[in-house]
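Letters A, B, C and D name the chains as they come in the text, with residue numbers starting at 1 for each one.
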């Protein structure tokens, strides 16, 4: 089963690479979809079954559709006007991205040492247990306030986004 | 088998997430297209989510990381909706979504 | 995971392509780029917010039965009620402002200049 | 239930120990079983559904329908399949080849993957995932990007317009569908399909969820109509409205690619009907019979067979209704479509959730039947 995780990780990284460097914005959006799917599988393997579902529902079913609509609304049909790579920040972008690598490598190795790994049996138990009910309980106790705040924020986002996108009468 | 074990440990998750973060930042900086910048932001948010989920399992073996990721995903959706609405508004105004053209405030 | 394997087979069989490209007879594509209705996008926004709210409330909903049987249903009910109230508020806003009317669509950006 | 399936798996591994089965890694089995699910269930269903649909159409229109290939034309679907496979694989020259290839795959994957979580019988589920309902809701959302990309890639105005309409429609109707699944989750307190079906048994006094309370009855109809719209079936088939858009998003698709779209649609219809059956019509539960009593006397294989029979029977009744509607109802207009969804079904579905929650709270989670029986037996002595 570990193979599937490895494949998902490769899918995530490879698709993200294409998202970053492909000049065609539509292809970027499509590969972003695959990247999301790979991340969902990774969540599954980390014992986050409900989150994997949320990831697919929200990102694949929602955000991707939204992005595709926006691309199709703003591009000339079949002629993607913007050959996309190459803003003013190309050089800083490349430099910053390359410069991040050693830091990230350092952080990675250090963090790997710093993590006080949970005891394996506890980890296995955690990974195997269904999370939906637990998340529900948490949303009703410790995380009640953030949850309500976010639902209200979503309402605000709805009103704002619809107001912004509405065609002028 | 070594690679497989690696991929199932926290280092695998951290590696993937850091690569996503790097690619996301790269994408944000190099894209001219405003939607392309949004794609980069989504990558960065996913990187953060992977980190939280990974630490939730490997470090604490508790739920808190997953809760944070849940909130990240929820907010990311709202962010995408609003950002794309702004992009469409901008497009209606300027007939382009080239982010470098978004300099109305500069003058 | 499932489908890729399934797809390899039906597709590997019909690789026998016609010798020449099919003539593009019926629908000549002009340069007429369609600017379609921005209402598609407004609907997508309303959809994603509703979708996200439903996804967020699912785990709470699973707790309701247990709460009814073991006490403490008030809190869960309040949370569900707030969820429904917020969705209805959003829906009413869009309804009143006419975002749900499909017909009077204005095409985005007829090029004026 | 998990204990039981674990037991089953254990006995399976014991049985295979020492044979060559044991040396094959588990993911090969996973792949094989996945392919088996697709080839043994999805493909024949898609094929036979086209035949049945044509026959029903012919009956309703007082025609004969396919009658040449085999007795009663029953091998028509095989002939269709051979025709599709051997057809020219046409990609519009101005279109986008990569997206053109990948779009039908997304559609088929999205609809076939839903099969995995459907409980055919009590112990016959490909994967009784503990987020079952949510999984089906999630995985079927891949269909909309598939349709949208396919319509874009085929470089055809009508395709694009059809694809956009289709995506907007699928996306809109996902909301009433999701909202009318919520009452069931309130009642059963679980997302697991097997658990939801199990609670609808006669012996637990619940009966089917449709009859749990008045609101679930409404939710059932909303789910069915929403499913109809989500699968682009007839009263809601605007994306493929021939008179307006040639053939909609799949205009440029020919041969097996078109076949994949058609297959995806039929499989999606099946998954939707199976979902309705599972959530509201009791899945594999027999009406008015406590199957557990027979468990001792009947061999378990026979029990499973009966359960599968009932599940498929209920599902096919739903599928038949879907096909029947096709020749009965006229097509909606696009503004009516959106109006029906957002101004009709969504408010009603929200109201349903509230109603179900109040019912649950007021009657301690009992169904109508239990409440009535409680009244009948006098004075609420039991509760």
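Here is the rule we go by: a contact is a pair of C-beta atoms (placed from the backbone, for glycine too) under 8 Å apart; a residue touches a chain by one contact, two chains touch by 3 or more.
Quick caveat: nothing in here was measured; it's all calculated off a predicted structure.
If you tally contacting C-beta pairs for each pair of chains, A-B comes out on top. Between the Cα centres of subunit A and subunit B there is a gap of 6 Å.
With each centre defined as the average position of its C-alpha atoms, the distance from subunit B to subunit D rounds to 33 Å. Inter-chain spacing, taken between the CA centroids of subunit B and subunit C, is 21 Å.
Mean C-alpha position of subunit A lies 28 Å from that of subunit D. For subunit C, the set of residues that touch two or more other chains comprises 1, 29, 32, 34, 36, 38, 40-41, 44-49, 51-52, 55-56, 58, 61-63, 94, 108. The set of subunit D residues that touch two or more partner chains comprises 94, 134, 155, 157, 160, 164, 167, 171, 174, 191. Across the assembly, subunit A contributes residues 3-4, 50, 53-54, 57-58, 61-63, 65-66, 69-70, 72-73, 77-78, 132, 135, 139, 150, 154, 157-158, 161-162, 165 that each touch 2 or more other chains. Because contacts link the chains in a way that matches no line, ring, star or complete pattern, their graph is best described as other. The residues of subunit D lying in touch with subunit A in their complex are 26-27, 94, 96, 98-99, 102, 129-131, 134-135, 137-139, 141-142, 144-145, 148-149, 152, 155, 157, 160, 164, 167, 171, 174, 191-192.
Residue ranges of subunit C in contact with subunit A, taken from their complex: 1, 29, 32-36, 38-42, 44-49, 51-53, 55-56, 58-63, 75-76, 79, 82-83, 86, 89-90, 93-94, 97-99, 105-106, 108. Every residue of subunit C that touches subunit B in the complex is listed here, in rising order: 38, 41, 45, 48-49, 51-52, 55-56, 108-109, 111, 113. Looking at the complex, you find that subunit A touches subunit C at residues 4, 50, 53-54, 57-58, 61-63, 65-66, 69-70, 72-73, 76-79, 132-133, 135-137, 139-140, 144, 147-148, 150-152, 154-155, 157-159, 161-162, 165-169.
Of all residues in subunit B, only 70, 74, 77-78, 80-81, 84-85, 88, 91-92, 95 touch subunit C in the complex they form.
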